[in-house]
Structure formats: C-alpha cells, structure tokens
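So, here's a batch of structures to check.
The two complexes that follow have chain A in common; it is paired with chain B in the first and with chain C in the second.
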Partner chain A sequence: MFQNFRLSMAWLHTWFGLVLGFVLIVVFFFGAMSVFDREIDRWSIPASRFEPQPMPSFDKLLRPIFEDMQPLEPARAAMRDHVNGPLPDKFTVPSSWGAYTTHRDPVLSLFVGYEVPNAKLPETNIFALRTVDPRNGTALPDDRLKVGSGFFYPLHYSLTLEWKNLGYWIVGFAALMMLVGLVTGVVMHRKLFRELFTFRPNKSTQRSMLDMHNLTGVVALPFHFFFAFTGLVIFAGIYFPVAHTQLEPLHEQHEVIDAQKTGLPHDRAGVAAPIASVDAMVAEAQRRWAAKGMAGDVGFLSLVHVGDRNGYVSVYRAGTDRIALTGEGIHFKASTGELLREDPPPTVVGRINEFLTGLHLQHFRHWLLRWLYVLGGLLGCVCIATGFLFFVEKRKRQHAKQHSNGARLVDALAVTTVTGMLIAALGIMIANRLLPDVMPAGWPWRGDMEQYCFWGVWALAMAHAFWRTAPVAEGHLAPAWREQCLAIAVLAVVAPVLNWITTGDHLLRTIGNGYWPVAGIDLFMLTSAGIALLAARKLKQRVAVDAHANVTRAEVNHA
Partner chain B sequence: MLDSLMLLAALLVCAAGMGWFALSMDVHWEQVRGKAPHPRALVKTLRVLGAAALFVSLVLCLAVDSASMAVLVWLMAVAGAAVAIAFTLTWRARALSVLVFWAGPARR
Partner chain C sequence: MATVTVSRLHIASRAAAAILGGYAFTWGAIVFGAALLVAAGMDFHDAEHLASIVGFLIFLTAFLSAFGVRQLQRVWLVLLGGGALMTAAASLLQSQLV
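The block that comes next holds the complex of A and B.
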C-alpha cells in the first residue's frame, strides 16, 4: 500500500492524529486543569474558601449526616429503569457509608450506598452524595457545581458523555491511538535528538509549526506516554469488563473466598446491631500507623453493611506523602470495635498498580510536581494544536487551487477545539459568577445551568470558527484565530473581576491572606489573558506579512 | 524550606545540564558562540557535564522525596528544562554563554 514503512507510519500518524486529536486536546487540557481541580472548586463555590480540614469526628458529626442522606432526584431517575415496580420514597438499608478527603480539601465529600429493593440485578446500589463543611456539618447546597472536580475532571476522562459509558470508550480509544501516535511520531521524526532543542519561529509557518510539534512531543515524551498508559490502566475495568461479563461467577466466588481470607464479611447477617464508637477505631488505627513509623491522617473512612452484625469499619491512611492514593487499611468490627484485620503490605503487582494509578490521579502533596504536570499537559495541548496547524499549512494552498474545503474544515475544527475550548472554559467560570444564587422555580439547577452555558458558549465559538475561517479556502490565514484570542484576553480578565465583585476576594486580599487556591486561579487566568493578547498581536503581524506576500505573488504572476 | 531550595537547585542544575547538551551540538553552539571554535574535546566535556548535571539533579530529587515520587519530579524537570533551553536558544541564545564562561569570548 505504501512505498515504505516510514510512509505508512506517517499516514497512520496524520489521520489518526487528526481525527482523535480533537478528542485528545480536550482530554489534555481538562486533564491539566484537573491537576488543580480542588482549587477550581474553591473558586467556583465561595462558601468553601477556607483551609483544608482533617477528617472530622464520626460519632459526633458524620453519623447523623450519613443517617439523613437520601438519593437525590437525578440518581432516582437513573435508577427507575433498573427496578421492577416503583422506587420506595425512602431507602432504608444502607450497604455502605464513605467519606474521602485529601490534604487539599476544605470540604468533605460523603457518599451513602443503599440497597435497592426489587432491583433487576443483584447487588444494585443507589447512591446519595453530599458535601459538608467538616467544621460544623453544614451541607453545601446540592444544586452547586464543583466546576473543577465535578465538571472539568469528568470532562477529562469521559467527555461527560455518560450514555452507555460512550465517553470512557472514546477517550480510551483516543488514549490507545495516542500511544500509537507517539510510536509512529518517533519513527517519522528523523532527527529526534539532533533537533531536540530546535524551534525556528522565523522560518515558514509550516516549518515552525512542525518544529514546535516535535519539540513539545519529544521533550515530554515520557509524560505523554505514561499518562496515556496509566489512564488506560485506571479504567482497565471498564475496557475489559470481564469481571461482570464472562467471568461473573468466578468474580463472585473470588469475592466470597477473599472475604473468608480477610475476615471481612461479604454479606449482611440480617441481624441488626449497633455501631460502636468509630472515633475510637480511628484513634486506634492512627496509633497503629504511628507505631509503624507512618503517622498520618485519615484519607478514606468507610462503613460496610451499616447497622448489621456483619458490619465493619475500614480506616485508610491518606497518601499525602507518597504516590499511592490511600493505604494501610485497618478494619474493625463495627458493633464492637474489635480489630478484624490490618492490611498486609501490598504485593509487587499491587504496588505497581498503586504507583501507576497514583501518579496519574495525584492526591499526594507536591506542589512542584503538580505544576510540572500542568506543564506536561499544556505541552501536550501545544503538540496537538501545532499538529492541526501543520496539517492545514501543508495543504491549504493546494486545496485552494483544487477548490477543496478540506483545509478550511480542519482549520475551523482546530479553532473550535483550541481557542474555542478556552473560551468555553472561561464561559463556565463567568456563568458561575453571574447566575443567580438560586435559580427561579422551573429552571434547571444552578450547576446544570453552568454546564449548559459551557456547551452553549462552545457552540457559539464553533459557529464563529466555521464562519471566520473562510479565507483558508483561498489559502490565507483565518481571522477566527485572532478574534478568538482577543475574546480569550477579554474573558480571562472579566472572570477574575467578577470574582472580585461577587465575593470581594480580589487579588490583593487573596495574596495578602496567602489564600493561593483562589489567587492562583485568578493569576492563571490573567496570565492567559496576557498570552492571548500577545498571540493576537503576532497573528496581526502575520496577516500583514501574508497580505504583502500575496500582493508580491500577484505582481510576479502579472509580470 | 530546605526541601524547596533543594528542588529549586534540582531544576536549575537540570536546566544547566540540558544547556550543556545543547551546546555540545554544532548548530546550537553557533547560535550561542558564533564562530568560536568547537573542538571535539570540548564537545566531549560538554556532554560529560550535561550527563553529570542530570545525575546531580536526580540525586537532589531523591534527597527530597521518596524514590517513586523523585523519579516523576526528575522526569518532568528534564522536560521543563528542555523546553526552557529550546526557547532560550530561540529568543536569547547568547545568554547561554554563561554555561561556558571559561571558554573565552564569543566570536561573531
């Protein structure tokens, strides 16, 4: 089919890179934003702007909250198709309670899983979620959106396409093909090391775009490879769902045997039992960690088979000081507080898995590494964006001669996914500050409205991109790029200003108080505004050069 | 505090290392040093210096964090350093002369 191996690799790289690049740039960008998801949450929910808190008292504070939690309407609506008959008004048999926190969380996320009576499949659970202020137990309103961990983060791994898990599959396929893209890219690139440090902005656009594409691809190659790979590892259970398809009986049997081995009951006994002091169990767990020289905070606290004689409490240490998310699980009998089991050190395979997933999910405390991850993610975005631009530059003049719209189409989609995506991201931040505190009756929830604004703004940016890329069809530079850069520059100033007006948290105050989660987001947006302005100016110069070149070319043709 | 300083040092040493690697290449040597001679012995020295610097940077990372975390910090620091050096070569190439301060003035 192709003359040689290199050409076939180039074909693969070009076409898969082009099509999946539109997905990957979204994954990369919102992945980079998710590195600071908790901080974006602080920005978007002003009531949560205080210092991170340790796990609060279970007995005094958490228990009554857990007992009060019931699934909300969206969860109930999603469950209706999985049940024979109607759903009960109130769920009464909790299968698990859980609370997860990290060293960056001022507010605490809680979940309760309830057994669903008359469910079509066994072991069906319905979940109630709530976020509380751990200092006093006040619940955050349910209609609020944590823009970072509740929207940018799911966008990163599932594009928020929940229907039949479609989003996970698209992102997974894109990640798999990205690994292929990295390998084919290395094969195509003849001067991997010789041009490692080469970026020549003054050469032709095509050449300088390729320079930048190679530079950002190669220097962060380990990052690109590891993040695509570990992302696939994290969702391996979705991509290879054998545990709940072909091997379901084996999986069930394994769970039962595992329960016998660990002494942690697999099923409820069906006999009610009280819950002993969980605070005492947490204190005992912390004492045991300290005795091992691993004193630490509680990261994850869970109760299984709540209120049953077989109920147990698991206390996990937060992975603040290492890659693994949590660990050193210690389990107690819920009714008596008797120690059931102390998890042994993980096996080698377990350790590798913890490392691979932990390095991607990064709940550790390391601000430098966090920023370096943002850098890696943004380098990935630049690599993909310059890939698009190279594709367009290489073809646009030829397409113009052939009266083909191919280059224009790609350029419009590139504008949509590069600058348009930034405009949409700023759009949700601005909507977050502008929407009324509580939406009027009959309107969707505030958090939903914010998401609609995001998609609406993105659709507008896309329409603009398709409209203002017309000159590409004649071989010129699209004005859409410059105009959207200007839009970014304006919006990225508007958002911090709105934050100031609506919350009173201007930069002088947040920096003065050392409240970096909010100050950092504001500064990040202001920096983006500066870069966008610079880009717009450069693009204007390009237009002038382009026009001049065209005039000269026309004169030459006339002569 | 000491940890932050050590990590800062790791970043700087890493950048110097990538700078030395770049200077061991003819094209970049010319960007930085103009027509100053670039003998093979110097090229070798620069490569050794580059490798040593990357190694020192790794050691600094290991001194601050556990090995699993230090490796990640170091790999990302190398990427960051490479970008920083590449952009310096593009816009402020002569600034890298400090990395070969002993080799006399540049010739243009």
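The block that comes next holds the complex of A and C.
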C-alpha cells in the first residue's frame, strides 16, 4: 500500500502493534502470573497453605460431599432466563460429578452438573462448585476468590469479559496481531543476529528504547511466537466453531460412531443403578498406568450419568511427567466397576495437538522451566512496553510543535497498562488481606469485592496517568511514570507486610519452613519494589537531563 | 513513513480485507481442509484440529498479504471469493460423506 513491501509491513507493525499492544501487555503479564496461579491462590487463601495432596478416597470422603452439593445463588440467577417457569428448590438429577487437582494443589476443586427441568434448550446443565480440603472434606468458604487461578488466569485469556465470549475474541485477535507483529518486525529489521547484542542504554531514550524493543523481541522470538500461536490453537473451537456450525452433520455422525466405538453411553438409560466402589476403579486405573511405566497420580476423576444404569466413571492421569497435555483416561461401568475402555495411544495429530496445548498450559513438574516461562512472559511485556515508549519518544517533540495530543494520549495509555496494571495487581493482593473475613450483610461477596478493588484501583491509576502526562504535550517526560513507580515500590512492600500481620507468615518463617508458594510470592513482590524504586531514581535523573537539555536548546534558539 | 499519501478509506478497506476477508478465507480453508481429511479417512476431531492449526498460519499469511499486495481489489477478490468457494466445496463434500 506504500512505496514498497517493507514500508507496508512497518506501517502494520506500528499501528496494529500499538492498538493491540495495550491488550497484549495485559495478556502477557497475567499469563506470566498464571504460571504460578496456584501459588498466588495459596497467598490469597491462607486456610489453604499446606502441602499438595493426592486425590482422596471417593467412597469415604468425596461421595457424601458430591451428594450434598447444590448450585449457589449466582449460578441460579444466571440460569433463570434459560428456563420456562421457576427453578426447583433442589436439583435432583446429577448428570456429572467431577474432582480436579494438580501436583501444586493442596485443595481439591469439585463440580456437580445437574439436569435442569423445563430448560429452554436440551442438555442444559446447572453447576454446583465447591473447593474442599482433601484431608478431611472441610469446604472452603464459597465467597473466597482464588486470585491466581480464579482471576489472573481468566484475565489472561478472556479479560474476564464473559459477555458473548467477547474477551476471548479480543485476546484471540491480539494474539494474531502478536504473530503479525513478530513477522513484520523481522521484515522491518533483518539484522536479527546483530540485534541480539545491541543495547545502548546511554544513547538517547528513543535509541535505547528501540534497542531494548528489538533485543527482547528477538531474544525470546520463538517463545513469543509459540505462545501466541498455541494460545490460538487452544481456543480454536471458539474462534472457528466449525464442529457446531457448518460441519455439525459430520460431527454428529462422528459422535454416534464414537459412542459405539468407545462403548461410553451418550445418554442416560432412565433406569436407576447403584455406584460400585470407585476407589477400586481408581486402584485398577493406577495399576494399568504403572504397567505402562507412567506416573500414577490421578488428576481428574469424573462420573457421568450419575446413579443411572448407563453411568460410567472416568479416571484421568495428572500429566506431570511430560509436556503433552495427556490424560490416559480409563473408563469403568459405574454400577459394576467393569472396565469399559482404556483410551488408546493418541494419533499423530492428537499428539501434535496435545503437545501444542501442553506446551502452553504447563501441567508438567519442572520448576526451572516454569520460571523460564515467567521470564519469557515478562520479556514480552518489556518488548511491548518499550514499543510504546519508542512510539512516544519518536513523536512527542514533533507533536508538541504541531499542538497534537497524540503522543500524550499514547503515553497516558502506556502508563495505564504498564505501571497502572502493576498497581492494580498489587491492589487486589492488598484488598485480599484488608477486607473483613466475612463481608457485612448486604455487601457483595468477599471475592467480588476483591475484583471491584482491582478495577477501581486500575481506574484510579488511569485517571492519574491521564492527568500527569500533560508535559508530554510539550515534548517533556511524563511525571506519571516516576510517580507510579514510587506507588508500586510502596504497595509491593505493603502487601508482604500485610501478609505477615494478617497470617503471621513472614519471610523468615516461610523460607525457614521451605514453604515456597508464599515465600516466592512475597519475594517476587519485594523484588518488584526494588526494581520500581530503581526505575523511579533513573527517571528522576532523566528529568534533570531533560530540563538541562531544554534550557540549552532554548539558549541556542536565543543566540 | 513521512510520505503517507493513501486515503483513510483505503486504509480502512485494507484493514477490513485483512480482518474480515482473512477470517472468511481461513474459515473456508478450515472447513474444506477438515472435510477433505475426513473424506481421506481421518478421525473427525483430528481433522478439525489439524485444519485449525494450519488455519491460523493461513490467517497470518492472509492478513500480511492483505497489506502487502499492491492491488486492493485483488486482495478482496481472492480472500472473499476463495473463502466462499472453499466453504461451498466443504458443504458439498460433507453432503457426500454423511
């Protein structure tokens, strides 16, 4: 569209990168945080600070809990529009029970899906959720928010915009633009190898920002590409729902053949049947995995068509020993414990798909690799942030002369999504420690309040960013950057201190006990405080240099 | 890019071609690819996954081409026309299979 291909690609890189960059940096940052989502959960729910537990006995512990579980008010409220007439007080036909854990989870997540009578659409289910201590079955309070897996993680892939899956689409488009940004970035520069070793921090801000942008982009190029790409692959069914639209007939045909082939009933028989010992089925599944030389921890246990003659039990393995997201499911008839099916080894395509999704979702047990993921994600954030800064530095003086507010607007949004996002993340951690244990009557749930605090703090940071970037319109550095760095430095110390005061878990104790989930989060925040303080000092020096340069420039103009 | 002389409308049309045209073309490629693979004997979900994995790379290529190719009309024609053609072919193939 311009004089040549390279300029077109540069235009694409600049503008799509800028606009979607504000989404991408959120996705990258909370993706990096999600690598340690279970650990953030431990920090935010002190009652769950104990060692990871294996799947407990189903017959003794889980079954009575499942039988007791009923959908809570939020789920009932969401269901009311999908039913003709009122909802029953108690749901009675469970379609599925499930228990899920990982090698990093002390607590166990349970769900029960119930058939909904008089639902407008067939196969409508309402879900009851509960998190329990697997050692004794005690339920965690329902109003608690798992800040890591229940908030930062969904923020990473859907921005928590559930309406019409809008958040998924925005993030998906941003991921595609990440791929576009990487390809166009390579086309623009070409001197990839040299850029690996180029960083000139003492040149102009514009120059060093571009060096840093190129360096972080190139150093982690395979990481950035693979994560944007595999993220798209994981949600391919949302972005291209071919199986439930155009290719539905083909899919239905496959479902019917599949049900025959696997012997796992698609529907209830309508005849009641008891449930045999599930513990015996789990033991049999573990025996079969062991025979194949695989680690035998149960990751996911599910019962389908509960209490019906067609009911079956599926036992899936926690894939801690490989990258691919595997399950090696083994299925039993629920009423007798008779083996129905052992999942065959995946096909080549199945293997590729499991590898790509497993690479992204990291269920494996490997702490060094986990930290490298965090590093890769943070490098992505640096790459995006320096992209914003380069954009502003390149234009702000010219915009100042033209009395345009473009550079200021971009700088304000950059402050909002870089430092402002960190302030919001620290805000939810602090709110988590400061809110009362039980919210007073008439208030939202504690977990909901924590989320409101997150968005509220972010909105404040945004207001501050727009207010304190005014000097950019005159071609100067925005004070907002330094002020928000100072805010981060304070908040990132306040959060660990509050953790100490409210739970007694100070660093000496957590490190002394080797309890890294909480010690790690505290140390991470304290390190952030140190870096933020350093950045604030550097920015102060810049302001001095900037002012000096302006005076010199003014004198030259006078002379 | 000091000498940007293209109109806003032209840029909007490019962007629309890249996003909407790219999506239509990719949709066509995925459904047609999946139907072809099923016809060749592959399991439905395998076919769906493989076609989608390749599909995202096709979307990326289509998106870049929408900005790289000189004639905008040709971009629209290939992306929308090609997408429609493959989508129709997939339905035709499906009706033979089911």
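Assume the second predicted complex is superposed on the first by the 548 of 559 C-alpha atoms of A that agree within 3 Å, B and C clash if a C-alpha of one lies under 4 Å from a C-alpha of the other, contacts with A are read in each partner's own complex, and residues count from 1 in each chain.
Just so we're on the same page, a contact is a pair of C-beta atoms (placed from the backbone, for glycine too) under 8 Å apart; a residue touches a chain by one contact, two chains touch by 3 or more.
All of these numbers come straight from a predicted model, not from anything done at the bench.
The superposed arrangement places chain B and chain C next to each other on chain A without a clash.
In the superposition on chain A, A:Leu250 contacts chain C only, with no contact to chain B.
Of the two partner chains placed by superposition, only chain B is touched by A:Leu369; chain C is not.
In the superposition on chain A, contact is made by A:Leu379 with chain B only, not with chain C. Ranking chain B and chain C by residues of chain A touched puts C first. Once the two complexes are laid over each other on the shared chain, residue contacts for A:Trp163 go to neither chain B nor chain C. For the pair chain B and chain C, the minimum alpha-carbon spacing after aligning on chain A is 18 Å.
Within the complex, the chain A residues that touch chain B are 194, 196-201, 215-216, 219-220, 222-223, 321-323, 355, 359, 364, 366, 368-369, 372-373, 375-376, 379. Per the touch definition, chain B reaches chain A in the complex via residues 7, 11, 18, 21-22, 25, 27-28, 65-66, 68-69, 72-73, 75-80, 82-83, 85-87, 89-90. Taken together, the chain C residues at the contact with chain A in this complex read 1, 3-4, 6, 10-11, 14, 19, 26-27, 30-31, 34-35, 38, 42-53, 55-56, 59-60, 63-64, 67-68, 70, 72, 87, 90-91, 94, 97-98.
Note for the complex: chain A touches chain C at residues 1-3, 5, 7-12, 14, 173, 176, 179-180, 183-184, 229, 232-233, 236, 240, 242-243, 246-247, 249-251, 253-254, 347, 349-350, 352-353, 356.
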